[in-house]
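The same subunit A turns up in both complexes below, where it pairs with subunit B and then with subunit C.
What follows is the complex of A and B.
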C-alpha cells in the first residue's frame, strides 16, 4: 500500500506561522460579506451577517468567536455556498486562491469544495448520512474527484480512519453513523472532510456536541493534522481555551459584525473591545481567578432588533451617548489589530485590571 | 434475524385469514338469493333445486357449512366452483398471475412516474416545475381509476394505437404487452400520493446537514441527489407506496373489468353475479393474503432501506 496521501507532509514548517507580509493575497479573502434572512413570521429581510471582511493565509489557524446567533455559522456556510433555505448573500465577495466563489457560479464552488475548502459541522450525528455506511461516506466524494478505483477507495478509507486515530477501522467503517459513539462519529466526519486534502477547513464548533474528554481529543487531533499538512483553519467556537491552543489569530463577532480582530496572544493580553473583554472575563480557562468571573449582563439582540450605533452599547459599561448612533466600522489599530469600539483607550485601561489580576 | 421476523409475520397471516373467512362466510349468506335456483333457472322444480343444494353441500345448517369449509381450507381445498367445472383453487391459480403482474406493473410504473416528478418539484420548491407537478397531482387524485382507464383506452385505442386496450393475448410477450395500459392506470392513481410524499421527504433531505456536509466534501450534484437525497427520501416513500399498493389490490376488480383482463378481479365480479360462493370466498381470501403480503414486503423494504430500523 502506498505511503499514505495524507501522511505525506507537504512541507514541515513551524507550528506557528508568522503573519504573512502585507500585500500578499490570502488563501481565503472575504470582503464585505453580508447575509440576510427573514425573521420568523416576517417578510422583511434583515442582515444577520453584515459587512464581514477577513483574510486567512496559507497554513494559518484563525478563531471566530461570538455569542449564539452572532452569525458565525452563516458566515462559514456562505463561504462554501451552503446557506440554508431562506438565507441569502446580499453582498460582498469571497475569493479562494483568487477565484471568486460567490459570483463564479456552481462550477467554481464545485471545483473548490473538498479539494480547496471544506467544512466540519457541529453535530456529526446529523451531518452524516444515516443510511450509508461510514466507510463509504469518508471516500464517496474524494473517489469521484480524485478518480480512485473501488479498491483504492477502501484502502484510502482505512488509511484515513487510522490516521484519525480510529482503532479497529475495518470494523468501524462497515457500521452506520447511529452505531458509533459521538467521538468516533466526529473522527469519521473529519476523515471524510480531509479525504481530498483541502487547503482550508472551516470548523463550525466541531467539539460542542461532545463531552469534555472527547473534546480535548478532537482538538488535539485537529492540532496534529494541521501541523502535518499545513492546512489552514477557520475555527468557530465558544471556547477561548481552544482558541488559545489552536489559533494564531482571533476575530470576535457580535450581532453579525466583526468587532475585534488581532493575534490571539495580544487580544487575550489586552482586548480592545468591551465585548471581547467581557468574553475573556467570562472564561475560566483564560482568566483563572474565579472571583473575577463575570458574565456579560443582558443578552444579544434578536434578529432584526439590532440597536443603532454600536450593537453592543446597551450592554456595555463603557458606553457613552456617541455609541448609540452612527456607523461603527472596524478601525485599524496597527500590528494587525482592529476594533470597532470608539472608546479603545477606555477599554484598554479597563483591560489593565485583567492583566493585573493575572 | 430477518428470517425469524418474516416467519413471525407469516404466522400472523393465520388469524387474518381466519377472521376474513369468518366475516366473509357469514356476510355472503346474508345476501338474498338461492344459488341452486339461479343456476337452474326460474322454472326448475323444487326437487331439482333441493338435489343440487345437497350436491353442493348447501343443505347443511350454516355453522356446519362453515366448519366444513374451514376443514377443507386447511387441506388446501377451497371447494368446487358452483359454476365452472373446476375446483376453486384451480381457477384462482390460473387467474392469480394476471393480478400479481398487474400490481407489479402498477408499483414499478408509479416509481418510474413519481421519482422524476418529485425530483423536479423538490429541486426548486415553489418554482414553476413544483407548481405544475402539484396541479397535475391534484387533478390526478381527483380522477377515479375506471375513468383514467377509459381515457387511456380512448387515447391508445383510437388516437395512438400502440398498446392493446383490452384482453390478455395468447403468448407471454403479448401478456406483458397487454398489461401496460392497465398497469399505467394503477400507476397513475398511486403516483399523486407518492409524488407528494417523495417531494416532501426529498426537500427535507436536501435541506439537511448531511447534504450540506456532502456538498462541503465536494460530492457532485448527482451523487448528492441520488445517494444522499433520493436514498433518504425513499425510506419514507416506500411506506406510502406499500400502503397504496395494498389499497389497490381491491381496485384491480375495477381495472381488470375495464381492460377485460382474466384476473382475480374480473373473476370476482363474475362470481358475485353468478352467486358462486366458493369462488367469491376464495378470491376474497387471496386478496386478504395479498394485502398482508404487500405490507410485509413494505416493512422489509423499509428495514433494508433504513439501517436504524430494528426488526422485532
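What follows is the complex of A and C.
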C-alpha cells in the first residue's frame, strides 16, 4: 500500500502554532482524576481513567491523544460533570480558576458551564437540536448567560456566524440543522460554544466525522479563534496530525492513564514512550514512500482486563520482565516532559531511527 | 488568514414543501364541518331547541331541509348546533389529556427512577380497565354534563400521551444535543421544555388527531346512552338515541347524525395521516 496520499499538515506552515505562553497561573488543573464504571453484566467496578493529572494554562492548546477506549473522552466529560450514566468519579480533583468542580456540587458546575468551560462534540448532526433553527441555537445559551435581548442576539448570531467563516449567514441562520452540510454544522456548533466567550473549550474529536479538507478548515478555524480570543483548548483526538497543527503540548493516554506528556515539538522529534513511538510510526507521511505502514501489534486491552505492570507491555517491543509487574507512574524527565516507561533510554535510541526516516 | 469558504444547501431552503394529499382532503372535510359549527347562526334559520308541536316528524321540505323531529325541532339546526357542542367538547377533551400526558411523559422519561416508576404504574392501573367502562363509571359518579365528560376522558386518555412521549424522551435525552445544552450551562427546566419537548411533541400531535376521533365517538356514545350532555342542548348522540324509536317510519332522524359522525371521523383521520406524513418528512 502506498501511504503517500495524506498531507502532513504541520508542513503547511509554522504560523498556526505560536509558542506556548508561560508563567501564567493554571486555568484548569486536573489532579489524580479516577473514573470507574461497571463492565456490562458485572457488578464490580473497574477504573477506566486512573490517576490522570494535567494542567492547562490560559491561552494554551493541549492535545489528549489515545486509541478508542483509552479513557480520553471520559476524562473530558468528567471535567464538566457530564459523565454518562453508570460512570462515576472515584477520586481526584478538577479545579477551574481555583474552584473545585467535582466537590462543589451542581451549582459550581452550572456557574462554570458555558461561560467558563464549554464543549464541542464529535458528531455535529446529533449535537444540534433538529427542531430548532441554527440561528437560535447559536445564541440560545448566550441569551440566558449574558442576558442579550432578542434584537442583540440576532445581531450577535450574524456576527458570530461571519466570524466562523460562514458565507451568507443570513440565509444559513434561518435553516434547520438537517439542511446544512457537515462542515457547516460543525461551524454552527463552534459558534454556539463560543457565543458565551468561554475561557476553555473542551473539544471531543470535533473533526473526526468530517472529511479531510473540511477537517483542515475546521482545525485552522479553531487555531485562529484561539489566537484571537486567547482561549484555551483541550483537544481530544486520535489524529496526531491535528495535534501537530493545533497544540503546543501533548499528552498521550493508554488504557486509562497518561503515559507520556511534553511539548508537541519534542514528543514528535523524540518520543520517550514506546506507545507514542508506535503511534508516530503508524502515521503516514507524504514525503516518504513506504510499502507498509508500521502498526502496533495486538490491540488495546479491554476495560477490566488490563495487564499488570505497564498496561502496554504485551504489545511492546522493548518490554522486559520488569515491565509486567508493579506500578508505572509518570516519571519527570525535566523540561516539562514525563514518561511512564521504565526503559526511557532504550526508547530514545529506538526513536533515533525515527529521526533518520524523516 | 482569509475567510474559509463554507458550502451549504440552499436549494433545500428554497424547496417548497408539498402538502400530502391526505392532509388537504382531511382539512377540506373538517374545514366545512368546523366552518358550519362556527357560523351556525348564519347557516340555520331555526333555533335548535324551539319546539313546534304542530309540525312534528315532517319530512324534508324547503322550510326544513332535513325535516323536523318528534318535538317539531328543525333537524338541520340541531345537526349544526350539535357539531358545535360535540366538536368543542371533543377539542377540550383531547387538549387536556394531551397537555397533562405530554408533561407527565416528558418528566417521567427525563428524570427516570422514582418519578418514572410512579407515573408508569399509575398508567398501568388506568389501562387495566376497558376505556368505556372507566369513562362511563366516572361520568356516572360525577353526574352527566360537559365537565364530567372532559374530566372522565382526561383521566383515561392521558396515559397514551404519557407513554408515547416517555418513549420519545428516553431516546431524545441521550442525544448529544442534550449533552451540548448541559455543557453550555442550561438549567434542567430549560433543557426539558425548550429542547426535549419540541422534539417529542410531534408524535403526541399525530396521536391526538386519531385520539380526537375516539373522543368524538365516546362523547356521542355517552349522549346515546343518556350519560352525555343533558337535553335540550343538541348533541349527535342524543339525536341518534331519540330518533331510534321512529326508525321504521323516519329512519333519517337517526341516520343523519350518524353520517355526520362518520364524516367528522373520516376528516380527522385523513388529517392525522397527512400530518404524520408531513412531520416525518420534516425530520
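Definition applied: the second predicted complex is superposed on the first by the 326 of 358 C-alpha atoms of A that agree within 3 Å, B and C clash if a C-alpha of one lies under 4 Å from a C-alpha of the other, contacts with A are read in each partner's own complex, and residues count from 1 in each chain.
Simple rule for what comes next: contacts are C-beta pairs under 8 Å (C-beta built on N, C-alpha and C of every residue); 3 or more make two chains touch, one makes a residue touch a chain.
In this text, all values refer to a predicted model and were calculated from it rather than measured experimentally.
*Asks:* After the match on subunit A, would you call subunit B and subunit C a fit or a clash?
*Replies:* Here the two partners, once superposed via subunit A, clash with each other.
*Asks:* Using the superposition described at the top, determine whether subunit B or subunit C touches more residues of subunit A.
*Replies:* C
*Asks:* Touch check for A:113: first (subunit B), second (subunit C), both, or neither?
*Replies:* After superposing on A, A:113 lies in contact with both subunit B and subunit C.
*Asks:* Kindly classify A:171 by the partners it touches after superposition: subunit B alone (first), subunit C alone (second), both, or neither?
*Replies:* In the superposition, A:171 contacts subunit C only.
*Asks:* Output check: A:129 vs subunit B and subunit C. Expected answer is one of first, second, both, neither. What do you get?
*Replies:* In the superposition, A:129 touches subunit B and subunit C alike.
*Asks:* Does subunit B (first) or subunit C (second) touch A:224, or do both, or does neither?
*Replies:* Second partner only.
*Asks:* Go through the superposed model and pick first if A:311 touches only subunit B, second if only subunit C, both, or neither.
*Replies:* The answer is neither, since A:311 touches no partner chain.
*Asks:* Subunit C clashes with which stretch of subunit B: 6-14, 24-32 or 42-50?
*Replies:* 6-14
*Asks:* Overlap the subunit B and subunit C contact sets on subunit A and report the shared residues.
*Replies:* Shared contact residues on subunit A: 80, 82, 110, 113-115, 118-119, 121, 123, 126-132, 140-141, 144-145, 178, 189, 192-193, 196, 202.
*Asks:* Which stretch or stretches of subunit C touch subunit A in the complex?
*Replies:* 1, 3-10, 12-13, 175-177, 179-187, 190, 194-195, 198-199, 283
*Asks:* Quick one: in the complex, what on subunit B touches subunit A?
*Replies:* Touching subunit A from subunit B are residues 125, 207-210, 212-221, 223, 227-228, 231-232, 235, 305-308.
*Asks:* For the complex, give me every residue of subunit A touching subunit B.
*Replies:* Result: residues 77, 80-82, 84-85, 106, 110, 113-115, 118-119, 121, 123, 126-132, 140-142, 144-145, 176, 178, 189, 192-193, 195-196, 202 of subunit A touch subunit B.
*Asks:* Taking the complex as given, what residues does subunit A use to touch subunit C?
*Replies:* Interface residues on subunit A, with respect to subunit C: 80, 82, 110-115, 117-119, 121-123, 126-132, 140-141, 144-145, 165-168, 171-172, 174-175, 178-181, 183-184, 187, 189, 192-193, 196, 202, 217, 220-221, 224.
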